[in-house]
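Multiple structures are listed underneath, in structure tokens.
Two complexes are shown next, each including subunit A; its partner changes from subunit B in the first to subunit C in the second.
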Partner chain A sequence: MSVKWLFIRKGISAISGLILLVFAGVSFYKSRHLKEPVVLSPGVSQVKKLSEYFTGIKGTINDSNVYILEGEKPGGTILLIGGTHPEEPAARLTTWIFTENAVVEQGKLIVINSANRSASTVTRLGGAYPPDFTIPTSWGGQKFRMGDRWSNPLDQWPDPEVYIHYPSRQELAYVDIRNLNRTFPGRPNGTLTEKTCYALTQLIRKEKVDIVIDLHEAELQYPVISTIVAHQNGLDLAALASMIISGTEGFNIGVEYSPPALHGLSHREIGDHTDAISLLLEAPEPFLDATRGRTDRALLLEGKDEFVVKAGRHGLLFEKMDENGWPIDVRIGRHCSTILQIIELWSEEKPDKTVKVREVPRYTDVIEKGTGYFLRNPAKADPKKIYYE
Partner chain B sequence: MIITILYYLLTGYIAFLIIWNLLKSKKWQEEILYIIILLPFLLRLFRLK
Partner chain C sequence: MSIFASTQIILAVMVVTYIITKALKVSTELSMFAAAIAGALAGGAGIPARHIVEGAFTYLDIILIFITATLFMNILKESGGVAYVIRGILRKFHRNKVVLFVLITFLLLIPGALTGAGSVTVLITGSMIAVVLGYMGISKPKTAAIIFILAGLSAAAPPVSLWAMITAAGVNMPYVGFFLPLLIPCLLLSLLTIFILGWSKKPVNLKKALEELPEASPKMNWLRVFLPFLVFLLLVLAGRIWPHSFPVIGLPLMFMAAASVSLLLSPVRLNFLKISRETVHQLLPLIGTLTCVGILVQIMTLTGVRGLIAITIVTLPLIVVLLTLFLVLPVSEAVLMWGAAPVLGVPLVLLFNTIGLNPIIALAGMSVIWPLGDALPPTAIIGRLTHTAVEMREPYSRLLKYCLIPGAIIMIVGTLMVVFSKKLAFLTLL
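For the complex of A and B:
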């Protein structure tokens, strides 16, 4: 082969590679920098940054917005954490419903939509996840980033060979050093994910939070599903909420006891290291099941998958699954009702720590009207009322 | 932070080796292989993925 032909061939190969690089790079860049608007509810009185509670994360991607809704009367303080695992979209969207609709009459409600913002800027490597998804609304639709379980390696890299949790010194999976729900209570001189947990812990201490509710979704092949995972100091509250929800709201939710020997999780460490009651909510998300079929936006939003249904027929699931699937409205509705029920029960039990929230839809409202009904149009909103995640 | 910088230097060095092999190779199958395995290294170096 002549040198000239060899040169031309290498040039063609290099240009082909460059084209692939540009297409992939543009897609990854757009996904990482997609702005998600939050149109503040009239009930939001302040928007702080997480770094106001711990300056160590100032200027980092995880210096997230902290939305504070205060009532006129004093009362208790509730913290909702969304986006601990951004590959569980119903958790983040539930916080959107609260930040765009909730009005607090008494007490204080603090909402974080993107607790691990870094993890919301990447999808699972090799998972073929869609980079984003759109919730249909009457004004068109709102696009959200699909995220991952772990912080973006662009923000925290490399992972260690062995991850030793602080302060328990328990050995956990190496990759979980980027998992916000394995690094609580965090430490000020740790990795970005550990620092983020430390900032959240500081927020809980400084704001004197009474109840922390960490929102999640789980695969149907995972036994901790459709449940409230409770630290021992919140077990009674969770059990009562479970009974009342299962009897009145139109869906069943169980209670799980937070294992004392499993460290790093919010429901364990927040309860152990702060005065707050720590609860974690799990809703079913077939998108996360290992036996799923095509991993696309339809599966993410509709929760329908014939392969997961088949797994259910073989007794491999811990939650029912049929051709109706688990649509995102159902998953968000479950979270909304469970949060409201917990707040109502807490307020009945502790009148001096009452938190009264209104304008948040319950399970049946979200299913009937759809999630998009509760999202506000940023094009018609006062620009001062728009924040970006 | 120092370890992260070292990893970026390693990534750059490996990307350089892949490009060097690409230029030296005489087989088109190898060239395609080098192009494909080079992409994730470049995406990380350019902080895109």
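For the complex of A and C:
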């Protein structure tokens, strides 16, 4: 090969690489810095930062907003955690519905939309996730970041060869040191993810939270799906909620006992290390299935996939899957109703710890009107009422 | 057109593009890249810059480990440390091959077992052991086969087996009960491999070996050789013993620390920049492969081709699934590397669990088979790394030829572990 031809070939390769890097770089920058507005519901009385409960995360990407909704009458305290795994968008969007709509008459509701904000700024390597998605609304639509299961390596890197959980010393896959739902209860001198868990644990202790509800979605091939995973201290409440929801709300939800030997998860560690009842909700998300077909925004929002349907026909799924799929409205509706039902049952059982919440849609409302109906237009809102995730 | 048919067409376009570019004598890496671009175009995604770049970074951590570990070994080699060790081992053990083989087995198993990466075994102890085996009269292809198989088994061996850990995490199963189900087959199969491939009654010609081996500097000693390894081992152990007070520094920095100590202790003056440049040059084909595999997997996922392959395999009749594990697992490893664990491992373990098999033993059996795929194209990462580390001049296919018998035994043992997992459940001690 002549020197001239080699020079031309190397030049073309370098320029092509540079073009790819520029286009990709712009896309990465945009999704990492996409501002997601939250138009505060009239019920939000305070917006704090997570670092107010643990200064160790002040100034980090995970110093998330903590939305506090207080009733006029004293009562119990409930914490909703969204965005533990930002690749599970219905979990985050459910918290938007609460922060933009909920009004609390009694007790206190604390909502975190982006518990692991770092993980919401990166998509999974090899996963081909879209960088963002838009929820249609009457005023156009609102764009949200699609995230990953693990904190962004730009914020926490490198990983160890094996992750040893604190304090159990259980060995877990190395990458789970960046998984917010494997690092509870956290530690003050740990990694960013561990510090975030520690801050959340401190919040639960300082605010004397009675119930923590951690919102998730799961692939249909995962056995823990369409269920409430409960620490033993919340098993009765979860079982009762499951029974009533399955009888009245129009969908079925099961109950799973939090395995004592499985460490780092919110449903185990929060229950073990604080006084709060710890529950975790799982909704079905075909987008996460390993056998999914084309990976795009449509799959993320509509939850329809013929490959996953085929897996279901062969008995490989733990939740039904048909041509209707699992649209995001259904998944969000399930979370809304389950949360409301848990709060109502808790309040009936513990009148002195009552939490009364209104203006939050239930399952049928979200399916009928769509999620976008419950998102507020930031262009028409008082700028003082807008916060960004 | 159904989604199955359209995805099959995309897969066909990718395969045909790969075959054509290979026929045009384009390198494997560029052929994979071309297949990825063709797949994206056929799938209507255009040229998806974000996905191409994101996919290219999938194996960045592994690439960094390769570079830093190879740099460490090259510094050790240039300082005369490798020659010193080999001369020492040959003098001490040339009369007792059994002891030597057992020692070699442990030396090859430990680095991969501690780090979960067969590449670390190849790079840390593989190249040195290769020279020792060479002077024992074992041909380079046989030596490479021994090192490749043992490196694979070391990666599957406890305490860190990434296939088992990633799959266990995917099915919500704690990574407990795996120690014996992984240790026993890995250790026995390693010993079996080295004795099958390496045993001969021919004595070691010590005089000839010592004459041919390069002389190390007179100032070289065991302390200068082992202190860098000790630094590496202490850093690994410190992370295990004090995981919550020792900072997470990662394997690449551990190897750089070991390389720095080796450089400082070298009895001869070394040109660090020259060695670094040669190291990167030596590894460039592997780095290229890993980068392009990442891109290929990302585009396969984007277009649904990855899902098509996964769903086709896991929906085969159960008997076919069991009887083809020996083929499916290595092939998935060859394409996806550790990505095979979430894509195939998770649905397979769930399937086995559903039909009443023991998921821990079944997963351990699968974990023993998976590493064999590291010798197969398109990636063949560990196989090619071994080919380079052993300085084999023979074609790569010779390495594969000698892997056939131990590979077949490993496949049979792994498959039997899956089939009889229920009866072997006592090994979990749970």
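Please note the rule applied: the second predicted complex is superposed on the first by the 380 of 389 C-alpha atoms of A that agree within 3 Å, B and C clash if a C-alpha of one lies under 4 Å from a C-alpha of the other, contacts with A are read in each partner's own complex, and residues count from 1 in each chain.
We take it that a contact is a pair of C-beta atoms (placed from the backbone, for glycine too) under 8 Å apart; a residue touches a chain by one contact, two chains touch by 3 or more.
Every value quoted in this text rests on a predicted model; they were computed, and no experiment measured them.
Of the two partner chains placed by superposition, A:V3 touches none, neither subunit B nor subunit C.
Of the two partner chains placed by superposition, only subunit B is touched by A:L154; subunit C is not.
Touching more residues of subunit A than its counterpart among subunit B and subunit C is C. Looking at the shared chain after the overlay, A:L21 reaches both subunit B and subunit C.
In the superposition on chain A, contact of A:I177 is made with subunit C only, not with subunit B.
When the two structures are aligned on the shared chain, A:P131 is found in touch with subunit C, with no touch to subunit B. In the superposition on chain A, A:A290 makes contact with subunit C only, not with subunit B. Comparing the two complexes, residues 20-21, 24-25, 28, 157-158 of subunit A contact subunit B in one case and subunit C in the other.
If you check the complex, the residues on subunit B that touch subunit A are 3-4, 7, 22-23, 26, 28, 31-32, 35-36, 38-39, 42-44, 46-49. Contact residues of subunit A toward subunit C in the complex are 19-21, 23-25, 27-28, 123, 125-128, 131, 157-162, 164, 166-167, 169-177, 187, 189-191, 221-224, 259, 261-263, 289-296, 305-307, 310-311, 314-316. On subunit A, the positions that touch subunit B within their shared complex are 1, 6, 9-10, 13-14, 16-17, 20-21, 24-25, 28-29, 32, 122, 153-154, 157-158.
Residue ranges of subunit C in contact with subunit A, taken from their complex: 2-4, 7, 43, 49-55, 57-58, 61, 114-117, 159-160, 162, 165-166, 168-172, 174-176, 236, 239-240, 243-245, 248-253, 294, 297-299, 301-304, 307-308, 310-311, 314-315, 339, 342-344, 346-347, 350-351, 354.
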